[in-house]
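Heads up, there are several structures right after this.
Heads up, the next two complexes both have chain A, just with different partners, chain B and then chain C.
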Partner chain A sequence: MTQPTAPHATSKVSLLKRDPALLPALIAIWISLAVFVLYPLFRLFLTTFVVEGQISFTNLAVVLESWYDRQAFVNSIWLATAVSVAGTFLGYVYAFAVTRIPMPLWLKWFLGAVTTLPLISPPFTSSIALTLSLGPNGILLKLLGIGNFNFYGFWGTWMSETLTYFPVSFLTLAAVLTAIDPNLEDAGLSLGASPGRVFRTVTLPLSVPGIANSFLLLFASSLADFATPLVLGGHSFPVLPTQAYLQITGMYDLRGGAALSFLLLLPAMAVYFLQRFWVGRKNYVTISGKTGSRSGFKSKGKFAEGLVLAVCFSVTAFILYLYSLILLGAIVKVWGVDNTLTMENFRYVFTHGKKAIIDTLTIAAVATPLGGLMAVVIGYIAQRKRFFGNRAMEFFSMLNYALPGTVVGIAYVIAFNERPILLTGTMTILVAAYMFRYHAAGIRAVIASLHQIDPSIEEASSSLGAGAVRTFFRVTVPLMIPAVLMGMRYLFIHSMTAISATIFLVSVRWSLLTTRILECMTELQFAQACAFSVVLILLVFAATAVLMGLTRFATRRISGEGGRN
Partner chain B sequence: MAVTLELSNVSKVFQKDREQVRAVDSVSLSVAPGEMVTFLGPSGCGKTTTLRMVAGFEIPSEGQITIDGRDVTNVPVNRRDIGFVFQNYALFPHMSVFENVAYGLRVKGDRETEIRRKVREGLDLVGLGKAEHRFPNQLSGGEQQRVALARVLVLQPRVLLMDEPLSNLDAKLRIHMRTEIRRIQKHLNVTCLYVTHDQGEALTMSDRIMVMHRGKVEQVGAPMEIYSDPRSLFVADFIGQANILPGEVRAVEGGTLSVDVAGHVFPVRAVKGGSFTTGDAAAVVVRPENLLPSDGGGIPGTVETATFLGGRMEYEVLLASGRTALSFDPFLPGKRLWSEGESVSLVFDPKIAVALPM
Partner chain C sequence: MSKMRILIASVVLVGLLASGAFASDLNAYTIMPEKYASQVFEAFTAETGVKVNFMRFSSGEALARVVAEKNNPQVDMILGGPADTYEAGIKEGVFEQYKPAEADMIPERFRSPENYWTGVGIIPLVFLTNGKFLKEKGLEAPASWNALLDPAYKNGLQMADARTSGTATERIYALVKIMGEDEAFAYQKKLHGNIQMYTKSGAGGAMPIATGQAASGIFYIVDALEIQQQGHDVVLSYPVEGVSFGIEATGILKGAKNLENAKKFMDWASSKTFAQLLVDRKINYIPTRTDVETTNPALDVSKVKLVEVDVAWKGANRKAFVDRWINEVIK
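== the complex of A and B ==
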């Protein structure tokens, strides 16, 4: 007879014995997660709940008693709900248009390209453009002859965030709609249902998990968004991230800021858990399963198609309009007052902003490969090695990503401002903030790609005599490279454009382009802000083009089904 | 040189939903040098797990595995000197055919000229000499299969392990490849274990077959022995087609029993090692080709379906007991045929049948 635990114990021991590189890798990961994820969060809790050595709810009570802070909490939830409803709706309309309505290929490509613009732009872009057109002296207001329209507050923030985040929903839902077996819709039609009925009874129910997922993604994004409400919220519409920021930078109240960020953390964690444990399990759509080939598109009815396309094209036109405003804003002297063309603003960017450009590029260039390496190792161990604490490792490595940037930023400020780990003012703290926050996409991509790679390919390598390290570098890594590059692209874009966490961490020694844009905005230097944005967008474009080229080069050989079927 | 392979009391216990599952239960087997043994059984019977333990992908919970007399139970797979052919071929999709085949040679550290020569030889052996610059996704299933075979053969492994290597091929190619694999295995004189759920494959290819069921070995024996002397009802039913006729032992004389089947007493050979006494229930296993239709003197029944298959007629006959029996009658022009609904009497040669305990 065997003891219940016997088989388990032997396999664990021999896993380490067979794979000598595993233990050092695990130790390195856990140490870095402990320092850059768990420790800051722990310090944040300490600051919130321990007053003079005693556990206390005083800090939280102060926040909850303040009418203004309570309002910020309600506003945050309300705004996030409104943004996720509108963004998911818009995303679904786009996804439906691209996946279900016949249109020429270039038009599809065009719609996709325009929607990626908000994804790779710095967070202020749409805020600036909306201010230029709907704010005081805005050109749209003048055009429409509306005199005093108060754009600041809920409406402006909602509009800007919806435009910024709906592409996320579009990408999620387009994947879901593409994966629905077209035979199911054909079956509905062949059973006599009208296109509208098939949509209502087949397509829509099958996309419910995708819709729920998109809703939660947008909810979390809006909840965590810091830049938009800072520019467009105004005094009448406080939300938690801006409130926490002002508490710390304006009133030097670290405890109040910590308490506010704790309030922000609660709904964010709720969303994270919902997404992980509820939506994650409710997916009907299997991406890997064999589906019938997509038969020709059937008309969905002229009226419905027209409506969907009309929404798509007007939103697309509006996005293009906003981006052309940024470009225009960057090359005129004073927006709306003196419209003479000038290169003065770009000259400003390349002289006064030169340090910010170099710093930002340096930080992104350091964080990207490091984060990519980290994603490879974490993703590989999480997916391939059955080991104690694996789930926890994956969970903690995604935690900073799930938390709002403001929370992470405040936690870092609290944790790394004093010994034993004094990092304030260094580049390390900025790189770490970006790495541990945005390698999540890379980890997910690596895990997804490993799901596609049958373990037998690695077993083949070891049965041919190769050891674990050789197998990893000769077989597994080359197959993961496209996923890693995708993750690195994401990491790079966000290292260039994110602000919510790092605004707490910049210093005289290290400045960032995004914080420079924010400074220009607060000093009402719109033209310079536009010029900075244009330069930043172009830099991101150039870098992603390089990484995309590399991805394509790496994918070319291993695309297709070779070795899998 | 071909080597021996020995499994003694090998078990594998998996933890599944807090319950222990004995996927492989005390399997013992010794394989002679150069012998080809197939593991045959329905899916989930533990045959693949057993093979993977021999390979070193899984570690036995109990028991011992020796290759050429050396205990390899805890030796990692990359030091066992085995060749493993996967069901899905597991070719490296990012490497050309040449690089796939050269992979193991490079691990060994062979010289480049040596590698070149061996890869060419290996690819010629499987008839793919011209494909070395192509990539796996440009090959058909059968070609991928042959690359996978060449990839392990160039290393001259001491033991060749194959996990349902033909199950992803179409029927015609499967039949071609099984003679091909057997030819190469004999030519190289390599000890080989081969997992399959296809009895046709097992019967045609192997020196011996190990039939497995629910983690246990049901029977090990040469293909003809397994077919003619099944040790259990499971083996009788799983290998080929079998009519299992329940009866009662009337008398025992050495190895021959007098068994009463539906009122007729037949002198039937008892299964090896089976002990019967008068009055025991027994199952008489009669292969369909031994159960012939006649006009009288046998077990009575009614023809339910009559199917013409070219070489033979197949009759499904409903017996008085309510069971259906299957009878194959070789077809010759002018022979008496029975049609559906007609009464028939089934006779068989009791010397070829075998009786098992119920």
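== the complex of A and C ==
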């Protein structure tokens, strides 16, 4: 019994017969995974391991012999662990506050909105604000009278990555906590358990799949992030993706960079399998179709609530402070020298950056629905259909996400720059890079939400005569919608802000806002970089507000339906 | 009712959207900062009517891209970036030979011997120091390499990382030429004691110095002047022992789809008009053409001791120096 929630063992043939849409769906998914995940990696392997027509491990040996690269390996693991622990903790605290503590709706919206700030701005933007505050001679250090500490290196990178990625954890956990039936907690309370005990024995165990997902997502994000350590890591704290990137762009050594990314694969895979093993064995059904109406959440004890809210508000205040620094940088002439207000920087953005803005929006608008659809289909088949190779399918669909973006970018360039599949310079290559890299969160969310939906609901539909497709669209999809929308929101945000893979894929025809921001940074146009960031943040906010509205609408509908039976 | 049909239809749609043929007059990568490149290309378009699509990258990224795109070049040429990047590219076989019409007006040492690239400007290294820091410590702007070893600069220096930045390797070439190789690395080991941070890009440390987060560092003059012209309180100074300089080059890529227009640009970039444009628009390179006068006193390097470093020598020693830097200086 590895997967108690899977349908009863059925022979493959009859599964296919009962479900005529399954086969074409499987074929389409495998073809797209083969083209956009396996083929580029295969070409990259060839580049790495074939030296003058012979299979050779020379490239890997060089990396393993270097003390600096070995140090990078250790640092990567250490950093990713620290970031995922801290990020998941913060994410849980936020998710708990928003889903369990009674507060006015505007406050919920406000907390959610502020936490997306780090997520929807490229990490190097907040890094600058963080450096100005806590770096050598930083504003906050002076204000609080603290001496300089070792900001560049582990501490700066850890802080910045935790702030950047904990919203991912928040999104994942909020979806899971929302789905836990409050009646279960109420039952515990009315049986006389203390709020703390209910939390420990009911809420926390039920959120384990969410915690595991969050941990995996954060670990993978931190492991693959190159932009933050690039800006804040300094020379004393090398990590693998940065080293791979530096090897490729700095030393012009594509083979060495590819070899380094190989080392990165090991921990990424380890965490992935650990998570499968851990979450895959437990049963977390709480939406069974058999519950009574859902009641509101009861108070969890004044002290605990106060503590949770205190953490939320202080982190929120800190984030707001960092971003007001960026806003300030965008509206003054020269930061710290000439503080007269000006619109000049925004004029620059809307003239020199107009093409990048339009291109970025177009790409994100195409990638998001396609990626959402992929996530639904892959997540559903992986979780519900016990079929040969569905574990492999799930694994490969996550692979681009686990790999450092730089490597995916280079692999795409190598693979798609010549026939048979000529894509460089097109929009397709950018859309594909985003879709196959960032639909991972959607797939995870779909799987996590399916873990909580009892298959008996679907079985009821089938036994009443509905076909598999009809059951899928009329029963399963509506129940998955909050998870899918969360996933799409994540995909959209990343299509707007990610940089590590696509910096290699932008072309003179298709450019991106993030690469323009990084350019402004390296060209010392700090004010313009801030203005670009502000515009990008506003654009993402406007677009995600729509998706968020849909999410809330869908969630409410499901809860409503639960109450009608 | 098939979800597959939707999926297939959308994939086809995306393909159609993306494959629209795109004819263009000239496509370029620029390593020169965007704010300069846009002015250069604008002037070129105004003069020749050739429209330019361009994109800015750091030298390492631009090179990695053109090498990866070797079999199907996405652009026709590269503008800007140090000549040693071009030398590395020649080894990968990505550049096309072309001698611009007026190339002979540019001294031979600023051009590729085989005409793979042509130098359009030169940029010496310079010390950039925070003015307020100097006043507070009662120091003069550093006037020798050894001045940076002063304990006053402890945890105060930001300069580029040799693994990523052409500015940093330029610094090492200069030190090796001035002091001899072993001496140069011994010096850098001592200098390392005062380092706050090695930045990934050549210009990365300039803003922290401008804001007072760091005290001083070593930069190409183009980045140092940019910071000063933004209005920050910074001081530029040169060491008496001398500095080396980078050659800002331009070249055509092998397999360029708009070869004639690329040649037209090379001709124009080697002309007096272009050199005058650099001066008039305050684009902080010293023109390679000798028949144009620089008006900015900061770019008058007649009193600065410039150390000649052969580009081929730079290319040949780059990897060894960077390895030694990793294993001796920062370890």
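Just so it is clear, the second predicted complex is superposed on the first by the 332 of 565 C-alpha atoms of A that agree within 3 Å, B and C clash if a C-alpha of one lies under 4 Å from a C-alpha of the other, contacts with A are read in each partner's own complex, and residues count from 1 in each chain.
Keep in mind that, in the parts below, contacts are C-beta pairs under 8 Å (C-beta built on N, C-alpha and C of every residue); 3 or more make two chains touch, one makes a residue touch a chain.
Here the structure is a predicted model, which is why all the values come from computation and not from measurement.
S.K.: Based on the superposed arrangement, let me know which partner A:192 touches: chain B (first), chain C (second), both, or neither?
M.R.: Touch partners of A:192: none, neither chain B nor chain C.
S.K.: May I ask you to decide whether A:475 touches chain B, chain C, both, or neither, giving the answer as first, second, both or neither?
M.R.: The first partner, chain B, only.
S.K.: Which holds for A:235: it touches chain B only (first), chain C only (second), both, or neither?
M.R.: In the superposed model, A:235 contacts chain C only, not chain B.
S.K.: In the superposed arrangement, does A:53 touch chain B (first), chain C (second), both or neither?
M.R.: So A:53 meets neither chain B nor chain C here.
S.K.: Is A:420 in contact with chain B, with chain C, with both, or with neither (first, second, both, neither)?
M.R.: Neither partner.
S.K.: Determine, under the contact definition given at the top, whether A:459 touches first (chain B), second (chain C), both, or neither.
M.R.: In the superposition, A:459 touches chain B alone.
S.K.: May I ask you to name which of chain B and chain C touches more residues of chain A?
M.R.: Comparing chain B with chain C, the partner touching more chain A residues is C.
S.K.: On chain A, what residues does chain B touch that chain C touches as well?
M.R.: After superposing on chain A, no chain A residue contacts both chain B and chain C.
S.K.: Help me check something: in the complex, which residues belonging to chain B touch chain A?
M.R.: 12-15, 20, 55-57, 59, 61-62, 74, 76-79, 82-84, 86-94, 103-104, 107-108, 135-139, 141, 144, 148, 151-152, 155, 168
S.K.: Please output the residues of chain A touching chain B within their complex, sorted ascending.
M.R.: 2, 4, 6-8, 10-11, 14, 18, 454, 456-457, 459-467, 470, 474-475, 478-479, 557-565
S.K.: Could you please specify the touching residues of chain C with respect to chain A in the complex?
M.R.: Contacts found on chain C: 1-4, 6-8, 10-11, 14-15, 17-19, 22, 24, 27-29, 33-35, 38, 53-56, 58, 60-61, 63-65, 67-69, 71-72, 74-75, 88, 92, 155, 161, 163-165, 196-198, 200-201, 203-204, 206-208, 211-214, 223, 226-227, 230-233, 319, 322, 326, 330-331.
S.K.: Which part of chain A faces chain C closely enough to touch in the complex?
M.R.: 21, 24-25, 28, 32, 67-68, 131-132, 135-138, 148, 152, 230-231, 234-236, 246, 248-252, 254, 334-338, 352, 366, 369-370, 373-374, 377, 410, 413-414, 417-418, 422-429, 431, 469, 473, 503-504, 506-509, 511, 519-520, 522-526
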